[in-house]
Structure formats: C-alpha cells, structure tokens
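Per-chain residue numbering starts at 1, and chain names A, B, C, D and E are given in the order in which the chains are listed.
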Amino acid sequence: MLESVVWPWLILLLPLAAFVTHTLCGAMKWKLPHKGDWLSTGAIGAGAVLSTFLFADMVSRGEPNFRQTWSVDWLSILWKGDDGQLHTRFALPMGFLVDNITVIMLVVVTWVSTLVHVFSMGYMHDDPRYGRFFSYLSIFSFSMIWLVLSDNLFGLMIGWELVGLSSYLLIGFWFEKPAAAAACKKAFITNRVGDLGMLIGILMLLSMTLRPILDDTSLPIEQKNPLSYENVFRVVSAGSYEVKSGDVFPISFLTVAGIFLFFGAVGKSAQFPLHVWLPDAMEGPTPVSALIHAATMVAAGVYMVTRCYRLFTPDALLFIAYTGGFTAIFAATIAVTANDIKKVLAYSTVSQLGFMVLGLGCWGYSAGFFHLWTHAFFKALLFLGSGAVIHALHSQDMREMGGLRHKLPITFVCMLIATCAISGFPPLSGFWSKDQILGAVLTFAMEHPQHALLPIFGFCGAALTAFYMFRLIFLTFCGKPRDPHKYEHAHPDQWDVITAPLAVLAILTLFSAGGTLSGERWFGDFVNEEQVLGPREEAPGGGERHRWHVQRTVLFPSGALVEEAQPLDDQNPLVALHAEGREEARKEHEHTEHKAHTWAMVLSVCVAVGGALVSYFTYMVPFFSPQVWATRLLWLYDGMVNKWWIDELYDRWVIQPLLLLNDFLKSFDEDWVDGFVNMTAQFTVHFSDYSGWVDNTYVDGLVNGTADTIVSSARAMRSIQTGNIKQYLAAAVIGLTVVVVLYNVIL
Amino acid sequence: MTTLTSALYHAAFYADMVLTVGSACVVAFSKNIVRSAFSLLLTFVGVAGLYGFLEADFLVATQLLIYVGGILVLLLFAVMLTHRISNIKASNETSFSALAALAATGIFLVLVEVGTKTHWDVKGGPLGESTRPIGLLLMGDYLLPFEVAAMILLAALIGAAYLARNAIRK
Amino acid sequence: MSHILSLITFIPLLGMLVILCLPRHQKDWIRFVSVFSTALPLALSISLFLDFENGSKGMQFVENCDWIRIPDYKLRIQYKLGVDGVSMPLVLLTGILSFLAVFASWETTKGVKAYFALLLLLETGMMGVFCSLDFFLFYVFWEVMLLPMYFLIGIWGGPRKEYAAIKFFLYTLFGSVLLLLAMLAFYFHAKENPNVLDPMDAFDLVRLADANVRLTFTGLFWQVVFVAMFIGFAIKVPVFPFHTWLPDAHVEAPTAISVILAGVLLKMGVYGLLRLSLPILPEAAAWFAPFMAALGLINIVYGALVAMAQTDLKKMVAYSSVSHMGFCLVGMAANTEAAMMGAAFQMFTHGLTSAMLFLLVGVIYDRAHHRVIKDFGGLAFQMPVYTGITTLAFMASLGLPGLCNFVSEALVLLGSFDAYRTTTIISATGIIFGAGYFLWCFQRVFMGPAKERYSMMPDVNGRELFTLVPLGALVVFLGVWPRAMLDTMTVSLKNVQDAVASATRGG
Amino acid sequence: MSLLDAYPLQHYLLVSAALFALGIFTLVARKNAVAMLMGVELILNSANLNFVAFSRYTVGNFSGHLFAIFVILLAAAEAAVALGIVIGIFQNYGDVDADALDGLKG
Amino acid sequence: MSPTALALVQDLRLFLPEVILVLTTLLVIVLDVTPVRKSHRALLYLTFCGLLLSGIYLLRHYVDLRESGGRASSSNVLLFGNSIALDPFAVYFKGLFLLVGLLTGVLSIRYKKLNPAGEGEYCVLLLCSTLGLFLMVGSRTLLMAYLGLELVSIPSFVLAGFQRDSRLSNEAALKYTIYGAIASGIMLYGMSLLFGLAGSLDFAAIRHALEGQTELRASPLLLSVSMLMILAGFGYKIACVPFHMWCPDVYEGAPTPITAFLSVGPKAAGFGVILRFFYQSLSTHSGGGDWTPIVDQLQWPIVLSVLSVATMTVGNLAAVAQTSLKRLMAYSSIAHAGYLLMGVVVLSKDGIFAILFYLAVYVFMNFGAFLFVVFLHDLVGSEDIEGCRGLGWRAPFPCIAMAICLFSLTGLPPLGGFIGKFYLFLGVIGRELYWLAILGVLNSVVSLVYYARVVKAMFLENIPRGEAEPLPVPFFYSAAFAVLVAPILLLGVYWAPLVKLARYSSSIFGA
C-alpha cells in the first residue's frame, strides 16, 4: 500500500477538509453537532490509522530505503517555444516524498495529534470557542503533515510557515489574556527570524543548484525543481555546482548555507538563542503545548536537519552540535528553578531538543531522530499529564501543589513513567535514545579531543534533566499538599477522555524504543544515513567519485572527514592510498564507537540516577535545602531564575533599539525625506503658506530653503509692482538699457 | 553763397540746435508746469527749424500747424483744466529724479554711442521740394496708412469725446 | 478587430456622462448606474482573461487606428490598444477593484453625483493606461487619472485632505513632466534616425521595443532618459525618497479611494517600468539595475521599519505598501525569470491584499471614527468575522504560504539571490519586520481584554462582506494555485527579461 | 551748395538723442501727468527728427517724411485721448499726481 | 482711372473683411447718434453681425487662398503698395481676432459695470481695435505695424478707462496710455534707426538691405539697439519682461471683458507682428522651414529666449501671491507670453506653428477664465479668489468649466492647453534648447500652484455640510461656458484639424 499516493493524500487532506468545514460553518453560522469536535478528531484519527498501516507496511517489507515520490507542477515558468513545445527553465513543482523518516514522522504526528484531540475534548470542554479550537488543531495537523510529506525545500518552507501560523493561532487562542497575545506574537516573530535564516540557506542552495538545471533542456518539468531534495543532494554531492566567484566567505559556501538552513531549525526547535518564544508559548492551552510545543512542531527543526543531513558539511555539523549541546544544558539550568509546571516542561523541551540537535551534530544521524521519536511520546505525556493536573487544580504553580498522587493516581503513574523515560532510566524508551545520542557525542569527542566540551554538555544536561524532572514529580505529587484549599477542591482522576490518552501515551513511552530491551538499533535499521539519503560514495552522474578523507577545515584544524571530488581513476595511486586510509579510518572509528557506547551507557545511567537522587535528597528528604543552595550559589541561582536575562537582553539590545530606530525613521521620514523632497518641489509648503495651511509647515517640519525662496520671491514680485507708473517706466527703460549693454558686452 | 551768409547759416543752425535742446531741458527740469508748456512750444519750433535745415518744407508746416497749433494747445488745455487757477505755479514737482536721471543718462549714452559709432552710408543729395511728392504718395502707395490714420483719429475723437463728455459736464 | 478593450476603457466614461445627466438628488439611480458601468467592464475583463491566449507572444485584442496624423510634422499618434501578459492581469485587477470601490463608497453622502462621476472617470483613466500601446495615449490616460484623484482626495478626504491632495498632485505631475520629456526624446531620436525608426512610429510602444530599434538607444543620453522615466514612475510606485505623498494621500483619502490608490495606482509605476523602461531601454535598464535593486531594498526595509512606528492604522498599512512595492523593484532589477515573475505577480497580489487591508481599515473607521492603533483592543470579541478576515489579510500581507503574496515575494527572493546576494538577504529581513508590525498591530487592536467603549460595535455587514469576500477568495485561490495567473504572464515577461538579459550580456 | 559736409548727420542724431533722453527724464521724474505727456511729445519729436534726417541723408526718398507726418497725426490723437483720461483722473482724484495713482498694485 | 488707382480698387476687394468692419463702425456711430429708441445691447448685437459678416468674407479669402495654390507664396498677395499682406498667416490671425471680438462682446452682454449710455462708443472702439489687430498682423512695413499698433492701442486706452466714474478704471487707463505712449515712442526711435540703416520701411526690403551688406557697416550696437527698441513696442503689447509692468494694473482696473480682450487680442497680434518682423526682416530662411539670424552679430533669439524665461518666471512667481482673480489672470497671461516667446526663438516653422496652435486654444481658455470672472462678479459680487470658496458646490457647471480652463492653462492632458504646450516644447526641444525646455516645464509646474489654488477654493474649501444651496445660474452663462469649454476638451482629444489649419497658416514661413 505504500505505492499508492492516495494514502498520503488522504492523511494530508482529511484535516484540511475538517478545517474548511469548520471555517465555512463558522462563517455561515451553521451549528455542527458537538461543535464539530468529532470532525477534527475523526479526520486525524483516520490519518493515524492510515499512517499506522504505512508504518506496518514499511516494517514488514524490511526495505529500509524505500522511497516514493509524486508531484504536481505547481509553479513553473513555461513558455511556448518556436517549435510549439512548452519550455521551462525553472519550475517549482509540489510533491510528496514518502520514505522511512516520513512514515515515522507521520506516525508521530498523527498519533500524538489524535490523542491530543481526544484529550482536548475533555480539557477544553467548557471553553466558549471549543469548535474553533478544533478547527485550529486541524489546520495544524494539515500543516505539519504537509511539512513532513513535502519532497522539496520550498514545500518544506511552506509547511514550516503554516505550522508557525497554527502555532500563532493556538498560542493566542485565549487572546483576551495580554500575556497570550504577547506570546503568540513573540512566537511568530521569533520563528520568522529563524525562517529568514532558513530562507537564506535555501537561496544559497538554490544558487548552487539552479544553473545546472536551468540549462539542461532534457529534464522533464518534474525534475526541473532546483529545490527538490533529490536535486539538491545530487548537485551537492556531485560537487557540480558553481559558486559565484568573489565570495568573501572564508569558509566554504556550502557550510554557510548549511548553517543558515540550520538557523530555521534554531527558530522552530527553540535552540539557543531563539529559544525564548517556547516558554512563553505555554500561555496557550495545555493540549496545544503537548502537541505543538513538545511533540511535533518543535521537532520539525530536528526533522529538517535529518532530512537535509547530506547538505551539512562537517563544519556546519560542528556548529549544529555546539548549538544543541549548549541549548541542552542551558535550558536545563533554567528548568531547575522554574516553579510553573508548564514552564519546567517547556525548558525541558528546549533542553531535549538540544539533545537531539547535539546528537545530529555529532554524526549521530539515527540517534537524534530516534530521540525525536521517543521524546514525542513521553513529552506529550508529560504535558498532557500536567494538563490533567491543571485541569484538576486550576493552578500551574508547583508551589501550590503537592501530594496529588492520592487524588490523581492515574496521572501520577503515567507521569512517573514519562519522567523515568526522560531521565534516561533503562529500559524505558528515553534511555535508549538518549544513550545513542550520548554515545555518538562521546565517540565524536574521543576522535576529536578538542571538542570534549560536547560530552560534558551532554552528560551534565542529562543529570540536570533527571534532577528537575524528579523535582517536578516530587513537588507535584509527593509530600503534603502545600495549598490544602486547592487540594480539597481538585477533581479526582477517573477514566475519561483526559486520562485515556495518558495511558495510551504511557504505553507508547514504554515500548516505542522497540520490542527488545537489548538496545539493539532497530531504529537505526530504518533510519540510517546511507539508506535514507543514499550512499555517500555513489555519486550519480559519473565521471567523478567522492571520497572521504581527512582534511583540515576551519573548525577542525586537526582534520575532519571530508568528502572531495576525485577523478575516477583507480590507477591513481592517490586514490588507492585514500581508499586504504579510509578503510583504516573506518575500522578505527568503529572501534572507538563501540568503546564510547559502552561508556556512555554506564555514565548516562549514573548521571540519571545521580540527578534523581539529588532531587530526592533535596525535595523529599530535606538533606539539602534548596534555599541554602540558592543563597550559597547566588549568582548561579539568579541567572537561573531570571532565565539568564536573555529576554531582558533582547529587549534592551534588540527590541528597544529597533523601536527607537523605527521612531527615528518615522520622524526622519516625516521631517527630512518629506522635507527634502518638498525642497525640490517646494510648492506644497509655500502653497500652504498662502492658503492658510500654515499648520502644515511645521508638520512637514522642513528645512526648506527653496520654499522660502519662492515665497519671498513671490512677495518680492509683488512689492516691485508698486503701482507707480513712473517706476514702471523707469524699469522698462533701465531694463532696456541693461539688456542692450549686456547684449553688447556679452555677445 | 557768401561767407557771411554761410556763417549766419551756421550760426542759425547751431542756435536752433541749442534752442531745441535747451528748451527741452526747460521742459524737463522746470518747476513750473506752465513754463514747461511754453518751453515745449520752443522745442517744437526748434524742431521745425531743424526740419527746415533738412529741407523738409512740408514737415515744417505740419510741425507748426499740428504740434504748435494742435497738440500744444491741447496740453495747455489740460494744464488749465487740471489745475485750479490758484495753485497753477506750484504744481510741477519731481520725484524719483535720481532714477529718472539714471534711466535718461543710460539711454542717452547708448544712443550717442549708436549715432556716433555707426558708419552711416550718407549718399543722398537734397530731396528738393517735398509737398507735391508727399501729396502724391499719400494718394498712392500710402493711401492705406492715410485711411488708417483717419480711422485712428476717428477712434480717438470718439474716445476722447466719451471720456471728456461727462467730465466736462460735471 | 475586437473592440473589447475600447469597451472596457470607455464604458465607465459613458457611465460618467449618464450620471452627469441625472439630477443630483436621485442618489439611488446614480449608484445604480455606477454599479452597472463598473460591472460591465469587470465582466468584460473576466472574459478577456478567459479568452487570453497564454502561450502566444505579442499583443492580443489589439485595436489600432490613427488618432492624429500630421505627415509634414512626421507625427503620428495612434489610438492603439492591446494587452499582453503584463497588462492583462492589471486590467482585471482594475475591473475588480473599481467594481468593489463602488460598493465601498455606497454610504457616501456628500456630493454623491460628483463622487461617482469622478470615480468612473478614474476607472477610464486607469484602464486606458493599462491598455494603451501608444506612448502619447498612455501619457494622456496617465494624466486623466490625476484630476479625479485630486478631487476625490481633496473633497471627500479626511481632515488634512487639501494638503494630501495637492501633495499627491504635485508629485505626480512632476513625475509626468519627466515622462513627457522622455517621450519627446524618442520622437526626436526617430526624427534624426528615420532609417532606424520611422518618426511616425515614434510613439508606438511595440515598435519602440523592437529589437532593431532599441539597439540604437545606447549611451549616456538614454541613460538620462531612463532615469527621467524611472523617476516619473518611481513617484507612482512610490520609491524612496519619493514616497512621502503616499502616507498622506492614503490617510486622508476615503476608503474606496485608498483601495484604488493602493490597489491600482501604485501598480502603474511598476507597470510603466515593465512596459516602457525595461523593454525599450534595456541597456540603460541593465546599467541602472543595481541602483534599482538598492532602492527596492531601501523601500522594503525602510518602509517596514517606518510602518512599525506608526500609530495610525491606515498609515501603517500605507507604509506597508511602500515596503511591499520594494519587492517589485528588486525583482525587476534582478531580471531572472523567477524574479520578474515575482515582480509582476506581486503587482497583482499586492493589489488584492492592500485593497483588502484598506477596506478593513475603512470598516473599523466607520465604526470607531478613529484609527489610533493603541486605542483599540479586544475587538476580536465584538467582531469575530471581521477579525477572521483581518487575520487573513494580515497573514497574506506578511507573506504566509498558501496566500498569494507569499508566492510573489518568494519568487522575487528566489530569483534575485543569484544576481544580488546581499540585497536579497537584507530584503528578506522585510518579512520579519512585516510580521512584526502586522502582528503587533493585530495584538493591539484585536487581542487583549475587550473594551467597554467598543462593546456595541457591530460586526461587518453584508455590503462590506460583499467587498471583502471576493478579494479574500482570490487571495486564497491564487495562493493555492498561482499558475492561474502566472501562466498568462510568462511569455510576455520572458520577452522583457530576454531584452534586458541580452543587453546585460552585450554590455 | 551741399551742406552735407557742413552739418554731419550726427548733429541731428545728437539732438534727437538728447530730446529722447530728456523725454524719458520728464516721464520718469515728473509727478504731473500732463508734464509726463509733454515728455511723450519730446520722445516723438526725437524720433521724427531721426526719420527726417535719415530720409535726407541716407535714404534719399520721402518715406521718412511720411512716417513723420503719420507720427505727428497720431501724436495728436494720442494727446486727445490722454487729455480725456487726465481730465477723468482729475475729476476722480482732484489731482493729476502720477505718484498718487497706486490703487492698482502688487 | 490711373493704373495705380485701378490696382487700389482691386486691392479693396481683397480687403473686404476690414472694409466691413469700418462700415459697421460707421453704422454704429450713425445709429448711436440717431434718436431712435434702441433695445438693450442692440448696438452690441449689430457689432456681432458686423464681425460675423466680416468672418464670412474672411472665410472666402481663406478658401480662395487655398484654391489658388495651397502654399501661397507671400509675394503675390501684397495689397496697397506692399504695405499689407493677405496671406494664410494673416487670415488665421484675423479669424482669431474676430473670435476675440465676438467673445469680448459676449462677455460684455452681462457685464454690469458697463455704462449703458456708452454702448455705442464701446462698440465703435471695440471694432476699431479689432480692425487695428487686423492691420497689425497683415503689416509688411514698419509704418503699417506702427499704425496698426496705434489703432489697437488708442481705442484700448479708452476702453480700459471706460468706467469713467471708477477710480481704478481711470488709473488703469492713464497707466496704460502713458506706458503705451512711451513704448511706441521707444519703438519709433528704434524704427528710425533701422530705417536709417536699411533705407526702407518694408520688411522684405530691410532684409535685402541687411543681406546685401557684405561688410557690415552698421555696428552690431546699432542693430541690437534698434532691434531692442522696436521690441519694446511689440513687447509691451505682448507684456514681456521688462515691458510687462503695466499689465497687471491695467488688467485689474479695466472692465473685465476688456481685460479678456487685452489679454488675448493685442497679445496675439503682437506675436503676429513679432513673427513677421523678426522672421521677414531679421532672419534668412535656410531651407526646410528653418531660419537663421540675418547677420551673425544679431543673435536676437538668445535675447528673446532670456526674456522668455524671465517673463514666464516673473509671471508665474508673481501670480502665486495674488488674491484677486483678475490680477492672477493678468500674471498668468504674462507667463503665457513667456511660453509663447519660446516658439519665436526656435527659428523654425515648427515654433511658429506651435504659437499659432497655442494661441487658438489660448483664446478659449482665457476667455473661459474671464467669463468666470464676469460670472463671479455678476452673481457673487466679487472678483477675488475668496469669492470662489465653495462655489463649486453651489454652481457646479461654471466651476467645472473654470477648472477645465485653468487646468488647460496649466497644460494638463487631455485638454487643449496640453497639446499646445506639447507642440511648443516639441519645437524647443527640436532645436535642442534643453535649458529653455526645462525652465519652461518647471514654470508650468509652478503655474499649477496658483491655478490649483483657485480650483481648490472652488471645490475643496468651505464645503457645505449638507445639501448646498444652489446658485441660480442664468442660461446665458451655462451656454457661454459650454461654448468655450467644448473646444478645449475637443482639442484635447482631436486636434488634427486645427493642426492642419495652423500648419497651413505657418506655411508662409517655409514649407
């Protein structure tokens, strides 16, 4: 069934149909039964079923590098040539690419989405805009599925922006709250900053791929898309792109393109320094946080990096790794001190996304994506769990909670499972994925000792994760209720649409890492670089062959594995040498990898348990006092509580200067540009002078010499005309004489 | 022609020149309008004399008849009609004299320059008696101008009459 | 010879004459005639769109006869109309917006007769500009628009209407004087080189763009002519620093006139460049392209930044137009297929969205009687439908995919990057700023707690919906299926682009 | 006898230039409207003198004479009209001071 | 009869339009003095009849000329001893003058300030002045030019002061008279110098004389002085700097119909004479309709182009600051003299053609504007811009007509004025006088300021809140405005016939 394009179509269009129906009914004031929640839920549920089928199909085939594409000519520049045929030099067809990572993403998106829909039926039940909420969820589902299915970068960008829109709408769902109104704007604009980076990256890639495609008249229109993954990879790995001469970048063009492209992920996946929107986005309804801001949309950045992995040069990947690593630990520190349950989870999300990115950056292709997969389930579970708590308690502040496990047992159990998973307790799913990441990081660091900071980021982050997650559990569910009044009024758990999705997600959390507990890389069978993206060595087009070899780059002064086009000449001793060296390098790499993974497993368990224990001793048994910690490490605490002043920093150095600049430009525009232009066409003002529009003079605020000149000369003309005939005569005669004299003197 | 007559002739010519220019100066500079008017008479006569020296006999007559007999009388009328008898003397003040002097000097210098610097192609002899040829021309080639002049006079007549009619009645 | 273009152009004029003959208190009749005489051109331009042959080169629906012919002066002015892929969408746009403008002005009470008469005259002028293929005719129609606009702003405008009107007038007149001089330059060139170009054809735009003819337009002189023409058109676009008439004119103009102004008049500048400057003077265009790109860049960024600082809703929208029109310039400067397409398509899409925005501003102004952004708040409660439509318009304007502006702006950026890297990258920041001011504005106007003083504000009524919905539908449709419009433009733009490209190579 | 050498043309031209300049002076300096008219007559006379002199010296026919005659005629006509107007002014203003006539200006 | 006399009688047949004017004049005089009770404005209507009849004969002349060989060479239609020419150029102007006379009459019909007792004189003077215009443009000699000019001037002096009991009218008349007298005096002096140099009064003979002088005896000084002094006389008629200062005062003080007459008739005739004199005496035809100054030392086009710029600038700038509509129009007419002078300096038939074309449109535009002044005075009692405020809402049609006239004067398409200016600039640019063209265009833009101010006052100021209280506009005005505005609009979109006419008329200056 994978061959048929009908299924992806259905998965994509069902939510859209639901959205359109909602909108139409809303506009026409038609009432849908149950406000149409069944419509959206059904649409996405059907999608979930279909994608499960796809998934099963994929697994059962065991064909790891399956791919299916289909496209429609959406935007192309066609013209009829002299031969009567249609020609094109440039086309942007829209199409689907269904392959392993697509299918996996589809499963994540549709399932989490379905569960969140169901959860929302309970959670949002009393909201006056209940129907609209579901329509927004539908448009989100559509956008996200579009993003996943698209077969080209341009389509990806479209989906990218559309999920941004849905995110905007959903964060601002309770628009009457000023905080929500500000948050949704912040989310959109911050994302746009990232999108700009991505756009630039895409443009740079385009400038590489366009030329070979433009002039190749033999290509059919469908393959004329310079931005399809296929073409981009082909051109990039064939090295057949031309880069305009005179580039000033000291590092390779492709590296810069990759870093810019990654910038999109920085925005969408809330990496430092564009992470600021995600915590604020918690102003949206909790199901939204679970769906968009934890499981799916924010993972889009990771998906993109995975999808375009081949485009990133070693230098770019290193940049990615550092960004991810820093984000992982940076966000974790903030999560430690947050008191709002959703904020903790939000920073946790940022941190976990950092892990994924770190993994990808350290050549752990499947590791990063694997963590995306597992994280989607347990983080959605955590958010929905927190949603259940909030729903029961009507408060988000952990300082008002405590002891809730008695009242909310189902929630507690589910959240505990998720917490263990995220902290990396074997054999839960989170353990396997995080272990892979840490293993990849460690391998990388062992091969490149100068980057030892990366594993430190990783392991510290993991430790902190365990700490703050258990802190959350302890503060929320254990101990005594700190606000007995609220506790009393909390609704106890029962099996309904709120708890059922939790349970499903808990099951997924337990088993999504695979049936085995051995840590075997089942995931890696389906998601591995060579299989998804094609082998690196086989460059299509022939004529040149690409080799890995060790080469110095800017960021790797000691040398990195770099591919380079080599002439296809097996007799070339250099080639043979490289081939030999490569073989040795690979062997050595595998050895290191094995060693690192063993270490990583041990260490990650240690840090997870350690973090949890410290948390226990801090919050359950008052062995350490958080207050003492806080006072003793005041500067650290201050930084954590204030989120390292990043928001303030932005406000002070970006937003305020921008507003000042705007105001300045506004007055510049009104006073100077207008004034200057008026100076040349100064009549306006002068006009105003005479017809009583004096007020305009100051509005335009001119420095208008010309105007004054005209005004005063007009006045002078009037005053010359004194009315005295004798002066007129004198003027005429003298004028005549002057003309005569001048004429005879000059000519 | 004898030397004496020649000398007298010369004397008369230069005297006429002086008379003309001198009386014109009086017209221009006199403080008294009546004196100006009578000096103007002398100027006209002087110009008529110059016409005589130019052997333009018909013009001498015309000048005397029309200018002295017509225009000057008109001007005197104007003086009389526009001045109360009591203050008839003190009514010819000047203003903007400096400006006027500037304009007049400027144009005078230019005209003198023109008159003296130009190499005039002096070729004609005496034209002889002029009345008859002028008469013939007026009835021939200059018939249209003659008629047009008549129309102008007619228009001027009617116009002046219209303007003066009420005024004088008042 | 089909007379459809003449009909499209002059039916409004006919309507104007009918209105002038009606007594002034018969307001319903006047409105009815206006509707009729804008609906007819709209219907005709839709049929024009449907009958248009996408693939064929050259002009279609051409009407041609001598208008003035003075053989011994070697002067011929043709009445030559025709459309190609560049002008046809704009004819359609004009038809749509004029028709909607009549409805948008339905409630005008002051001087109804004069108002609608001028509106119809304006439509004739606009249609004429887009249809004419003779420079002189073009110029005449260009000027015909001037006076109705002056009066429409000056009489029915806001508090500072006289100022705005005269400013608009003087700016535009200054520009058209430069155009006139450029026109004469062609004429005298033909007179001096009759073997290259018959002086009788010196105003024929098709003939001027002929490859053999335009090859002779080389050198400094024609660069000066190009700059003169550019300034003439730049004032309409408007290009920084000639843009300052625009905010004033927009703020003071009544809603329907703002719609026409933003929707159609601004397009004329770009259209003029595409119809006259680039194809006729490709060499100068190639020479000027970097400046054009720089100006476009300034427009985009500067316009957006200034828009962000505005306190008046309408002024913000006006500056957003300045910003958006910058993309057209960048696209034309880059002169690649995609960029050119983007520029031309941007004209159409911006026409739709800016019209929508101004209509929306008008709706709220009618109700609240002010436009100060910060004094609004929480309107989403009282006016859900209005909020929804505004969201659509804002999102379209800030370039959300799936809506038409995205396509055009993306095409411009995709196409320009190769030619002007830095410029394109900086231009792209415009999309951030665009999001900035639109969303900030949205937040202040619609979000937040509901305010008491607006609690009785009614939602959009049927008439307003009637003006907004077609535009909204088009915005979505063209965003989803842009080829519906792009296919008509391709060939004509390709010609323009080839001309400039060959000049670039040659130079 | 030929007087051509005795009285050069320039003599007449000098006189006429002087008359012209004096006429201009009179017109510009005099406050009295009637005096200004006298200035006009001086100018006309200077022109006439030129015509007649040129007729005699350089042209050799009577066209200059005729021109002068017409000028004299028209001077009369003009004087008549001017007189009418001056009288009107006097009636309205009680004076013929040209400096006082500044109701129209600017 | 002697052969000369026979020739004169034959000439008289070709002089019928003028003769009819003279006869009408006489008839009016006679009827005026007969004690027959005449209905209101009867003599005015009689004048109309005379003008129309004259027009019919003029048309016949035109047809005859066309038939007798299309491009009539200018030599075969000289009348009365070569003193006057009957050629297409003259006929074109005469047609304009008849129109001017008629329109002046039309404006006078409802002009309240006009003294009914003086109707006869008014008509006589108007007719005489028109006759003078005829003679001016036909003149081929300095003498005829002078006489024609005086025949225009002397009646206009009286007409300017026709409101005897109005101080301003009197003042205008006196200023006009004195200024006119000194201007014609200076011109006479210049003519006498030229006469002395060239030995003839005839334009063509002057040219021959100047051409014949291989070695120029006359100093350039003499030539320039005489040329400029003659220009003083003609320049005063067209009101060009520095001989323009009378113009605003006289226009303001004169009765409005006369102002309109003065702003078009003598101005056009002045251009006619200037064209004839400067082209036929001071230039040589270098073929193809292009001309060059007759001697290199006499670069009169440079002088005129400087004066042209000065004139338009002074006119436009001073107009900006005006409050009186009449005075504003006076400065506007000064500015227009500047524009028209641009056509003179280009030294080609294209320039002449442009002048002819522009003048025809100018007649309608200017009379339209002055009709509005009359209308304003008649119904509102004001002649100021202030009086127009909000009038557009009370009397839409006249105000729209006025707006059209003003915009046409500015030179906005699609109005006749634009086409006229277009041809003018075409001529200027054709001669590569770019600086002149640019200054001209800049001036046009300045002119918009004050024209638009009037329009603004009419439509954009003082707009009534509700329904405006309409002003009852007499049918006379509606009809008159319609008649005046229709040609402006028509010439804006279809001007080919007028082009043909004007081109044919300018053909005497080279094919």
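Everything that follows uses one rule, which is that contacts are C-beta pairs under 8 Å (C-beta built on N, C-alpha and C of every residue); 3 or more make two chains touch, one makes a residue touch a chain.
Remember, predicted model here, so these are calculated numbers, not experimental data.
Trainee: For chain B and chain E, which third chains touch each of them?
Mentor: Joint contacts, listed by label: A, D.
Trainee: Between A-E and B-D, name the chain pair that shares the greater number of C-beta pairs in contact.
Mentor: B-D
Trainee: Please list the single chain whose C-alpha centre lies closest to the global protein C-alpha centre.
Mentor: C
Trainee: Relative to chain A, which chain has the most distant C-alpha mean position?
Mentor: In terms of C-alpha centroids, the chain at the greatest distance from chain A is B.
Trainee: Any idea how many Å lie between the Cα centroids of chain C and chain E?
Mentor: So the centroids are 43 Å from each other.
Trainee: Distance from the CA centroid of chain D to that of chain E, rounded to the nearest Å?
Mentor: Centres of chain D and chain E (C-alpha means) sit 27 Å apart.
Trainee: What is the distance in Å between the mean C-alpha positions of chain B and chain C?
Mentor: 72
Trainee: So, what's the distance in Å between the C-alpha centres of chain B and chain A?
Mentor: 103
Trainee: Which chain C residues touch at least two other chains?
Mentor: 162, 166, 170, 174
Trainee: Which parts of chain E, given as residue numbers and ranges, touch two or more other chains?
Mentor: 143, 147, 150, 154, 157-158, 161, 164-165, 173-175, 178, 182, 186, 189, 193, 196-197, 199, 221, 225, 248-249, 321-322, 445, 448-449, 452, 456
Trainee: Can you tell me which residues of chain D touch two or more of the remaining chains?
Mentor: 16, 20, 23-24, 27-31, 33, 36-37, 39, 48, 53, 57-60, 66, 70, 74, 77-78, 81-82, 84-86, 88, 98-99, 101, 103-106
Trainee: By the document's touch rule, what are all the touching chain pairs in this structure?
Mentor: Between chains, contact exists in these pairs: A-B, A-C, A-D, A-E, B-D, B-E, C-E, D-E.
Trainee: Using the touch rule from the top, collect the residues of chain E that touch chain D in their complex.
Mentor: 142-143, 146-147, 150, 154, 157-158, 161, 164-168, 170-175, 177-178, 181-182, 185-186, 188-189, 191-193, 195-197, 199-201, 248-250, 252-253, 321-322, 327
Trainee: Touching residues of chain B toward chain D in the complex: what are they?
Mentor: Touching chain D from chain B are residues 1, 10, 13, 17, 20-21, 24-25, 27-28, 33, 36-37, 40, 43-44, 47, 50-51, 53-56, 58-59, 62-63, 66-67, 70-71, 74-75, 77-79, 81-82, 91-97, 99-101, 103-105, 107-108, 111-112, 114-116, 120-127, 130, 133-134, 137-138, 142, 145, 149, 152-153, 155-157, 159-164, 166-168, 170.
Trainee: Taking the touch rule as given, give the residues of chain A at its contact with chain C in the complex, in rising order.
Mentor: 26-27, 73-80, 86, 89-90, 154, 157-159, 161-162, 165, 168, 172, 175-176, 178, 180-182, 184-185, 188-189, 192-193, 195-196, 199-200, 203-204, 206-207, 210, 244, 658-659, 661-663, 665-666, 669-670, 673-674, 676-678, 681, 683-684, 687-688, 691, 693, 696
Trainee: Under the definition above, what is the set of chain E residues touching chain C in their complex?
Mentor: 350, 353, 393, 396, 407, 412-414, 418, 422, 425-426, 429-430, 437, 441, 444-445, 448-449, 452, 456, 459-461, 463, 493-496, 499-500, 503, 511
Trainee: Which stretch or stretches of chain D touch chain B in the complex?
Mentor: Going through chain D, the ones touching chain B are 1-4, 6-7, 9-35, 37-39, 41-42, 45, 48-49, 52-53, 55-62, 65-66, 68-70, 72-88, 90-91, 96, 99.
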